[in-house]
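What follows is subunit A paired twice: with subunit B in the first complex and subunit C in the second.
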Partner chain A sequence: MNLTLKVWRQANKSAKGKIETYQIKEISPDMSFLEMMDVLNEQLMLEQIDPIAFDHDCREGICGMCSMFINGEAHGPDRLVTTCQLHMRKFKDGDTITIEPFRAKAFPVIKDLTVDRSSFDRVQQAGGFVSVNTSGNTQDANAIPIDKHDADKAFDAATCIGCGACVATCKNASAMLFVSAKVSQYALLPQGKVEATDRVLNMVKQMDEEGFGNCTNTGACEVECPKGISLENIARMNREYLFASLKG
Partner chain B sequence: MTLISSSIGRKVAMALSGIFLVVFLTQHFSINLLSIFSKSLFNQVSHFMGNNPIVQFILQPILILGVLFHFTMGFILELQNSKSRSSKYSSYKGRANATWMSRNMILSGIVILSFLALHFYDFWVPEMNYKYVEVLPLDANRYYEELVHKFENPIRVGIYVLSFIFLSLHLLHGFASSFQSVGVNNKYSKTIKKIATGFSIIVPIGFVFIALFHHLK
Partner chain C sequence: MKKVKIRYRENSNGTSSIRLNYFHGYEIVKGKKKAKRSIKTLPFHLVTNPVTKEDIKQNESYKKEAHKIAESWEKSLLPSESFLKDNSFTKNTMFKLDSKIPEGPVTQKWTNHKGKINLVSPANKRLIDIIVVGTGLAGASASATLAELGYNVKTFCFQDSPRRAHSIAAQGGINAAKNYQGDGDSTYRLFYDTIKGGDYRSREANVHRLAEVSTNIIDQCVAQGVPFARDYGGLLDNRSFGGVLVSRTFYAKGQTGQQLLLGAYSAMNRQIGRGKIKMYNRHEMMDIVLVDGKARGIIARNLVDGKIERHGAHAVVIASGGYGNVFFLSTNAMGSNVSAGWKIHKKGAYFANPCFTQIHPTCIPVSGDHQSKLTLMSESLRNDGRIWVPKNIEDSKAIREGRLKPTEILEENRDYYLERRYPAFGNLVPRDVASRAAKERCDAGFGVNKTGEAVYLDFASSIIRYGKEQAHVKGLDENDSVLVKKLGQDVVRAKYGNLFQMYEKIVDQNPYETPMMIYPAVHYTMGGVWVDYNLMTSIPGCYAIGEANFSDHGANRLGASALMQGLADGYFVLPYTIGDYLSDDIRTGPIDTELPEFEKAESTVKAQLEAFISNNGTQSVDYYHRKLGKIMWDKCGMSRNEKGLKDAIIEIKELREDFYKNVNVPGRTDEFNEQLAKAGRVADFLELGELFAKDALERSESCGGHFREESQTPEGEALRDDENFTFVSAWEFKGAPSKAKLHKEELKYEEIEVKTRSYK
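Our next item is the complex of A and B:
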């Protein structure tokens, strides 16, 4: 496959970026998108051009590091995959592919296609955990009966890898799908219910402080989420938040 | 204070004011529909709505506050949301994952707001002038003629039709979406979505039908 790539280049956080066009030849349709980026970087280095910085780690759809906005969609045109799981066979020979970083005020660009998603870490640190007594007398989690439906929903919410595709794709750059997945994951389980009030209040407060936009229920986040996190979680977070606010 | 100043609080407030306006729209539509079937009944109900002190001095101010709140909050949210992504994408495929209606609520909202300005100028301002400025004698039979007179002008009817197309587009996202905002997403959601979609299509078509009926009659 021969392709034209339009890639966002930005030297650092404060530099003014722009789209650069590169030609790439003889790309195998069986390559992953990131492998294609590796080939491009090899080519750029041979041409004495600074290689393109992009996030990646596990390359098997688990870590949530890869974060490209490809042809106007987070993680590209395929569904329920991360960029590392996207294959070049999803494109046609001669295609022009536009590659940009995830864009949001709360995700500032570090360099080229890499973005700072530590805002997610701070939201998580505000309440996305269960405080466990580690005195040695901790109860075995398997000894606590949990409704199968709730367990399944909690597990589904827990599959969120925090990649930020929901923020990147939302027209308002809202982080509600991510935060609601983290809130739901614990709210559905007896271990998480103890701190449920503080958790949802603190996580939403942190989310707002980070500068994410408001949710307008377009549903784009659910469609683009590589893990298929459902909008049902956002409704649950809204409920949790309303009750927690009234409770104080 | 945490509730109203938070993103979720604002979202819930927007949804509740929207549901309130849908209730009002249903009531308005029901009364308008009477004008098709019975001139005297339409006059009777309009006279009651126009002169009952509870409707005039309690419900009407609440309605005006509801409308003001809904569009003011809409503009505030739009402004905040545009700030949350200062650097725009050069390629953004919004239609790949969300409906046109959900992505353009501010546009359909502005059209509806412009229509409301015309509607107030057409009906509400003359009504207030009649009752409270000129203090003309009560006439329980004037409403039907006033309605028919307004729909004589084809330009006004055209604007009316166009506005209700945008109202339908606004409701097609907003009505069902308001349930999600207040936390309702369960086994009933598909039914709610169907009912909301039906309402969002049938009621605006009904308003358009009433306007065309009086224009063509």
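Our next item is the complex of A and C:
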């Protein structure tokens, strides 16, 4: 199939960016979206044009590195997939595809489609852990029985891959789904209870400092999340936050 | 004669730009002789008529800088292979191969060793810096624990966050000898299974230690809040994996690697927050720096702005994973590379068993020339899936041409070749055996996709079996085939739903209705940097952990053991053993990065980067990577022979020479430049590939994943040669891969009797 691609080009963080248009031919529907981008880059290099910078690594939908905003949707038109798992068969011959980076104040562009998501790391560093020493001198794993339903829910929350689709999708660029997934994972497990108060307060504080927006419950994040992280987590975090605030 | 000349050109605004002219010689253009030049304009300007002292001083410093750049450019333009020679290669004549295995019975070695090694006091740990390269399970867990012990840790990863490391993609699970199921598991049994699975080519003492600490890992991870699968009683659940007779695999659905890595990442985050780990995201290690023969730091490149940085430390830990991407197509992530391991190899670290590669039998087949990577379908699928190809070659042809569907082939016209050849283990033979059997059928012309390189993994009979079971349990009609199929599909969905979804997205076929197509693909490398019992390489103060070292898996790794080894090395082994070395370093003080050794390493790195950019080539980096991958797969892949390996060595060398002459790397060195980063990685693969083939040629026996056609039984099974090859091949770099010198570490089996593996 032949396609017209409109791609965001931006030389670096401080440069002004703009949309460039490229034509691409003979794309197989079996290609993944990123393989199509590889072909485009090979073509650009032959034409002495700087290839398009984009983040990607595992290409099997788990590392969370790929991050493209395709035709106005984070990770493109398919549901429950990351950009790397999106395949060209989802498009038609002659389509025009617009490709932009994940945009948010807290995700500054590094180059073209590559953005800096270190704000996510800093939120995690503020409290996304259980303060247990890694010496191995812990109690036996089965000494802490956990209700299977809670364990399964904690697992579901923990499958967040930290890609940032929720932020890119949200009209407020809110990171609530991402932060609440981590808070929920620990809130549901006995191991996380000890530090629950500090965790939620510190993580939310850091989230605000990074410049993420507020949540207005539009639910767009849940729709675009490639891992299907549920809005329930946001409700749980709000509850945790309220308790923690009252407790001081 | 200097080929690069400095020229100054006056600008209209009172400044002069500095240009470097490189004279290539003459060429004939339209019948006229013309000088061929490359010109580079430097990013700083001189003041044309300097008056003030500052201006004069600045001009001088700019001129000096220009000379430096001109010199490094000049150097970089020397013929390609110069990178392999002297400048990067340090003679390590002092080192004598010694595995340092502690005395005593194998069950007591680790305990005794821990009791006897030197420690560093908490007050002194604050004075010691450690660099960790890589943030997978091994790197992240080591960083966290070392920081917690009190060392100052600097950790590097090339991804945008440590959480992206490829350990995250591991699916199946992690082994531990907990014996929670009471099915007869023990430390000894895990130890035995691992040695046997590795086809008797791993080090007994290391493997026993791994089995011993395995139980600690589970305790540790649960305490960290890793959400493992649980049963209704709230206790941890287990599943079974290939090559063993017990259920010792802990799991978190099909995302065990993700959950374990995020656990280690959270432990790291805690230390980053406390300031004990300084994290360098989007940084790539370019070289190691040795001072007086000891590892004292690294040269790193900031991938965002291209700046070259010097980092000093008292020890350097390499945790950069495996090198499966030497095959271009593998289940590794796109960025996975050998560079950190290869750079230290060129500075004196021995590289062990490079040819030991695991080729995983169940991956989604290649769909076309555009393919950039391959996706694994978990080994657990072989519990319920049956592997087959058509019995008649005409049927295979018809399928390939689209005239026939697999579901139309009658039961008696199917060849369940694993069940036929290995009745005892059937579809659950180890990975190496299953992979070779698939290749054998496809080579014989029975392959079932367009390229003829795929076999079927069929769930139809499991779906019916489960469906009947469910119908019986629910008291429904067992003979209602529609109902049975639906019930059966639900059971399969609950077990493997995420894998089936992944398959459907990639292949666009519904695996509940038609059999999956699978083919073997490169997955893991058992070979790696040689380490002693303390996990130290042959460079003092340089360690290698996780998949990066030659490890505990011998010639074949069992499923769910990679996660175990990564975390064992990082959480529980290295933090102990590194103290033994560092106890001598408490008075060293901070490492001075102004030392000439750092200077030299930095200029070599810069020269290579410049050389890539200024090369006037025509082919992309990927062009070479794909070509290398093809040579590796065809000649060093699932089966290898003397002629093919000899050809491969020549072809790789030629390809490497062509690469340096004709590779095209766009952009500049001082910017975010993915092609440049990739060029450096492929350059290292092009050297490793040759050593890989050389190692495979040298080892003329077959063992585990290494199958030499010359060494097989009459039935076509791998034939080991214990008399001549019970050793680890440790290669010393001598200026070029072709000149590498082989050292042999003899393997002694005191606890375990060496036997032939049979799965018939």
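Throughout what follows, the second predicted complex is superposed on the first by the 244 of 248 C-alpha atoms of A that agree within 3 Å, B and C clash if a C-alpha of one lies under 4 Å from a C-alpha of the other, contacts with A are read in each partner's own complex, and residues count from 1 in each chain.
Just so we're on the same page, a contact is a pair of C-beta atoms (placed from the backbone, for glycine too) under 8 Å apart; a residue touches a chain by one contact, two chains touch by 3 or more.
These numbers were taken from a predicted model, which means no experiment stands behind them.
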Subunit B versus subunit C as contact partner of A:Lys111, first or second or both or neither: second
Subunit B versus subunit C, judged by how many residues of subunit A each one touches: C
Overlapping contact positions on subunit A, where the subunit C interface meets the subunit B interface: none
Subunit A residues touching subunit C - in the complex, by the definition given at the top: 11-12, 28, 30-32, 34-35, 38-39, 42, 45, 48, 50-51, 53, 55-65, 78, 80-81, 85, 87, 89, 110-111, 114, 116-118, 120-121, 124-126, 128-136, 138-142, 144-148, 151-152, 154-155, 158-159, 161-162, 185-186, 189, 191-192
Residue ranges of subunit B touching subunit A (in the complex, touch as defined): 2-3, 6-12, 77, 80-81, 83-94, 96-99, 102-103, 105, 173, 177, 180-186
Subunit A contact footprint on subunit C (complex, rising order): 141, 144-145, 148, 159-166, 168-169, 178, 180, 213, 216-225, 227-236, 252-253, 255, 258-259, 262, 265-267, 269-270, 272-273, 279, 281, 304, 331, 333-335, 367-368, 370-373, 375-376, 501-502, 505-506, 508, 571-572, 620, 622, 664, 666-667, 671-672, 674-675
Contacting residues of subunit A [partner subunit B, same complex]: 6, 8, 19, 69, 71-73, 77, 98, 100, 103-106, 109, 169, 171-174, 176, 201, 204-205, 207-208, 211-220, 223-224, 231-232, 234-239, 241-242, 245-246
